[in-house]
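What follows is subunit A paired twice: with subunit B in the first complex and subunit C in the second.
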Partner chain A sequence: MTAEASATSISRTRRRSFRSWVTSGGVTKIAFALPLLFIFGYFSWGPIVDGIVMSVQNTNLVDDPEFVGWSNFEYVLTDPLLPKAAANTLYYAFLALVFGFPVPLLLATFMAELRGTRRLYSVLAYLPVIVPPVVAVLLWKFFYSPEPTGLFNTVLGWIGAGPFAWLNSADIVMPAIVLESTWAYAGSTVIIYLAALTAVQRDLYEAAELDGAGIIRRTWHITLPQIRGVLLIMLLLQVINTMQVFTEPFIFTGGGPNNASTTLLLMIYNYAFIDGDFGAATALSVLLAAFLGLLSAGYFVATRRLN
Partner chain B sequence: MLIQTDSRPIPEVTRAADAAAPPARPPRRREPRAYERGAISDMDRKRPGVRIWLGIWQALVLAGLLVVALGPLLWLFKASVSSSQEILMDPFAMLVSGEFQVENFVRAWTEVRIGDYLLNTAWVVIGSCVATLLTCTTGGYVLSVLRPKWGALLSGAVLATLFIPNIVSLVPLYLTVIEMPGTGWRLLDTYWAVWLPNAASAFLVLIVKRFFDQIPPDLYEAARIDGAGPVRVFFSIVLPLSRPILGVVSLLTIISAWKDYLWPLLVLPSADKQPISVALPKVADTIPLNIQMASLFLAIIIPITLFLLFQKQFLEGAGTSGAVKG
Partner chain C sequence: MRTASKRSLATLAGMLTLSIGITGCSGGGTGAPATTAPEVDLEAAVTITVGDLPPTSEAEKRAFFEGQVEAFMAENPNITVEAVEDKWDPQTFQAQLAAGNLPHVLTVAFTEANALAARGQVAELSQAIDLAGLGEQLNPDLLDLVSDDDGGIYAVPTAAQALGLVYNRDLFEQAGLDPDAPPQTWDEVRDAAQQITETTGAAGYATMTTENQGGWMLSAGIYSHGGTVENAKGTEATFNDDPAAEYLELLQAMRWDDNSMGSNFLYNAGALVQDFSAGKIGMFIGFSGLYRPAVIRNQMPADNFGMAAMPIGADAEPASLTGGQIQVVSPDATPEEQVAAVKWIDYFYLKKFTDEALAAEQAEAAAASGQAVTVPERPAISQDAYDQYFEWIQPYVNVPLENFSTYIDAFGEQNLLPEPAVKAQEVYAELDVVLQKILTEEDADVVKVLGEAETAVNRLLGR
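Let's look at the complex of A and B:
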């Protein structure tokens, strides 16, 4: 949109060269840019701007939107469910880090040392990522059956533990959901780390080896520092993604039991598509996005100092 | 808001293009058995202690991966040919009980109409792929090759969307689909509502642009001297040379469109248009357990087969991109 506008203003200021602009392919350039401008204008830039505008408006599908100031934000911030949902979302992100950060890293550093069989391990590790999330959740929902004959309860029964209520228990429901998500997404992190590990400089290993450093110390002091950039970015991206989690809690529990798995995105969904309150939904979206923005900015300042 | 603080993820993330670009691929990688050393050196590998430990760990990790990654899928197959009774009472009963109900798949196909939903998914996936390829190639061509004066602005505007969490645009995007401002088009309950928004992927546009950047400019120069215009250059030089990256883009789009749940749930309310992801949770509670398991199994066969056939491309694409596409 803006690009189109600036293009016309350029042609206006240099009216004399308009003809040469056309013959030199100016029209073709615009024509090639049209799909991008159309798609991004309507489905990316437009909605982002709208989202911010709508958060200070009262929007419904019948009347014209009306400016209401901060009242959407006031409504959202005083919603008694908000502290619970925010805490759940942070808890989810925290658990996802605890479960999902060390395992892919260990697996990838190990797989980087494999010769010949690396493809087999990669394919296996990536397999769950290919399973559509809905299928994975429905399958795991059965695994988490609270009956003593449920799949996980049977396995734990072999070592004398359980049976657990899993998704019906307010205490276990979040770890249970995170465990499934880790299963579903960890493979893609493994592959990303593995790609980063192939770029590690090899000659440093030789030097360390001459100095008598063992395999573990070589990994700790040479491999890890070299992929620190990727690790730090993946850490942040993971937090940003997990704080916008929707499908898993939505299909597993719909937010239950007793809102123990209601996340911020579930609240946004309920505001918008159950209550029809688009103002509140966009206000909460903007708050969440602003939080994630501040988090990323702070994170980059902190890690830059670290480097 | 993050653009100023961070410029690093882009080179990291767009390395897919570099990796897939023909000039960047070192020919020596093709040679067999020319392994680069890792933390473990060749000398270490000759020591018996290291060899034993490495062997034990390899076996343990492989066993772990088989159980954790493959296990649930094998169990799903087993459940989809069992009776509901058996799945519930004894989930680990192996096929010894003599049950092998292949008819579960037939029932899932006819009664649950899994075939129809798969067809809808195919529509969603193909359309998203075409729309994405069109946007990425033309957009990448403008940003990388044609380079108009406003190109920097455009590429900044595309880049900026990478740093804004998707959630901001969810509700407004839904309203846009209900009625597109200016045109009055109503996309709700049509496949356009899934295809067009799926094409707005800044990440894929930038990947393709990166790839185009690596095509030697001499080729364009030569074509121009031969009298080829920009359209001709696009179709006979740029597109044929960029087959590898178009493959990566297609795969990533297909997988993410196949996995998508929330968006098609919102914009495709009629059951006869819904893709399988949206349909499965709805029908799950209304059908017997074994038929549900058979339906789930039918839903993963195609993606798993595609993955096994195109492992290399999948893993290459994932190695550099999974971060953004999720």
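Let's look at the complex of A and C:
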């Protein structure tokens, strides 16, 4: 074949492949993807890029922003409240990990063992998720009334405990918030675990039962290893989400008492909406995002072997 | 877990996008007063949006507001007013500002005036005030608080008040105290609080401590002991001294020695007034306008609401912190819209003080719609005009004014002191923490707590 003939053949092939790409729905695919790309780019990636840009600017949202270099970062990093807010956030994440992470897993494992009433329990576990977060917090604020006649204090009074100051105590405020969060959000995690558990082969359990394994050994040797992938992802998502806790401390206490429940996101909020300082707010947001990004990357490397 | 916080972040992120998009193309914000006043066509047809329309859940108030809008438009045929429910809220304000869809007129607290003006986020109104013929009516002391050194006026003050001691007259009677002779000094407040707690079990005295309202109340307490919060220029914190320490030590004694401050130390105004209306709190520092949420919304019997002058510290002169409401105009408003906005502000909020027929008409409509007519405040106009106004509306008054008599009588005798000049809300946010520490940590060291707050406030003021 001459070079000329070869070139003609290639161009024909290209033309044919382009035509077949079009006839096999290529244009439609692009048409379907475009709106999604636009919406995702404009509403998800756009704000991220804008947030990064704003972190090196000083703006009043009316006039043209002014470039200020690293000064927003300097201001944020030298804020005496930052170490406390970071510690509070880590403390919240830690408490949520210790108490909030196992609860849905235990509930799901228990519910998976049930036969006829599983649906009922799923509904019961999921109900708190349906309550809007603000409503739930206001409800719990009422439960946490520090007066001896408050709901929790009354109930605990029956066994001779309390009365506790709850949200008014710098020592109890964080555990109190974690308790509410666990109640509020465990339901959706339970549903995910339940779905994962249905994928575990039943014959493994039957074999283990024949070998005389009880529920604890079955859970430890079959359930947990089988849903390991889901567990690891949920763990990472929980850490990322709890590091961004905002609604609960904002509505429960506004960060009090004595900043004992001031979290990083609450600081960001205060920079933006109390101080009107969007530069500082976005600077701290960028720092938090960078930290969470590194944490996630490190987590994936560390757990790759397990997967 | 935790989708809500993601949502909040998404909102913030969304706002950031908008802000960048809009700031890029606006650029024409009003900063200092214009050097050459633009030509204004006072007859041009103009449409303005005004905020603070009561929501549909408050049907009667809403109908009153809408009726006033109709009456205003009938009087000013070239102006069309669209009322919207938007209220001052720092979150939505910034987002709406960035998106360029703020209402032209919005009610804001006095404390916000300086920060909004300094950030160029509200319109400068001196020309519009002149053209609307409003200048002479306004109380010059109040106008000073919303003006800058160059003579720029950034808001129209429409309601002012001095803080004082709000008390539950029923609890006073139950405790064997005379509700017509409320405490005048802080020592008397302490004794009365103790007596109320001992005899009724209610908290004798309580204070707001969150959402910057704690800092506001702490500032009032400091003023009443002869202290200040910032220096006049707003460059330095001045509260790390004896007056502030005295007030905090008094609170410490009431909280930890007398146990007369109840058990909740995370109160915002709403929650505090709720517990006060329910008879759980004897006294707190507040302003007369709280009569409305207490009596109209929470159904506290009107006769139980008492208001006295700000208590006086041991070696101090009578002094009270003043504040109130101002009306701001969107920085995007054209000169014509600014004039229309000021005319509306005048009509709806101020004209009743100079127009007998309008005063009676508004008072009658307000009384008919179940609103309070009317709670005594520090006049936003001259004292004579204010007294005259009360005579005009006499037939419609449904507030037991005699329960405010000691509060009103004190106006002439008190030093009325403005709120901190610079970054008042930010400073208040820092002072919230001071109050919370004193009230929730038994062994809190007053001097150390004040020192820490001073450092934090100086850092803010230096930014």
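Brief remarks on what is shown
The rule we apply is simple: the second predicted complex is superposed on the first by the 254 of 307 C-alpha atoms of A that agree within 3 Å, B and C clash if a C-alpha of one lies under 4 Å from a C-alpha of the other, contacts with A are read in each partner's own complex, and residues count from 1 in each chain.
Simple rule for what comes next: a contact is a pair of C-beta atoms (placed from the backbone, for glycine too) under 8 Å apart; a residue touches a chain by one contact, two chains touch by 3 or more.
Worth saying up front: this structure is predicted, and the values here are computed from it rather than measured.
In the superposed model, A:G100 makes contact with subunit C only, not with subunit B.
With both structures placed on the common chain, the touch criterion links A:N72 to neither subunit B nor subunit C.
In the superposition on chain A, A:Y42 makes contact with both subunit B and subunit C.
Residue contacts after overlaying the shared chain place A:Y205 against subunit B, while subunit C stays out of touching range. In the overlay built on the shared chain, the residue A:L237 is in contact with subunit B and with subunit C. Of the two partner chains, neither subunit B nor subunit C is touched by A:T89.
In the superposition on chain A, A:N168 makes contact with subunit C only, while subunit B stays out of contact range.
Of the two partner chains placed by superposition, only subunit B is touched by A:L124; subunit C is not. Of the residues of subunit A, those at positions 42-44, 46-48, 50-51, 54, 59, 61, 133, 147, 185, 188-189, 237, 241, 244, 246-247, 265, 268-269, 272-273, 278, 281-282, 285 touch subunit B in one of the two structures and subunit C in the other.
In the complex of the two chains, the subunit A residues touching subunit B come out as 2-3, 6-7, 10, 25-26, 28-30, 32-37, 39-40, 42-48, 50-52, 54, 59, 61, 107, 109-115, 117, 119-135, 137-140, 142-143, 147, 149-151, 154, 183, 185, 187-189, 191-192, 194-195, 197, 200, 202, 205-206, 209, 215, 218-219, 222-223, 229-230, 233-234, 237, 240-241, 244, 246-247, 250-251, 265, 268-269, 272-273, 278, 281-282, 285-286, 288-289, 292-293, 296-297, 300-301.
If you check the complex, the residues on subunit A that touch subunit C are 42-44, 46-48, 50-51, 53-54, 59-65, 75, 79-81, 96, 100, 133, 145-148, 163, 165, 167-170, 181, 185-186, 188-189, 237-238, 241-242, 244-247, 253-254, 256-259, 265, 268-270, 272-278, 281-282, 285.
Here subunit B touches subunit A in the complex through residues 1-2, 5-6, 8-9, 12, 15, 19, 35-41, 43-44, 50, 54, 57-58, 61-62, 65-66, 68-70, 72-73, 75-76, 79, 87-92, 131, 134-135, 138-139, 141-142, 146, 148-150, 153-154, 157-158, 161, 163-176, 178, 180-181, 196-197, 199-200, 202, 205, 229-231, 234, 255, 258-259, 261-262, 266, 276-278, 280-281, 284, 289, 292-293, 296, 299-300, 303-304, 306-308, 311, 314-315, 318-320, 322-324, 326, going by the rule given at the top. For subunit C in complex with subunit A, the residues that touch the partner chain are 1-6, 8-9, 12-14, 16-17, 19-20, 22-24, 26-27, 29, 31, 90-91, 94, 97-98, 115, 119-121, 209-212, 262-266, 268, 331, 423, 425-426, 429, 432-433, 436-437, 439-441, 455-456, 459-460, 463.
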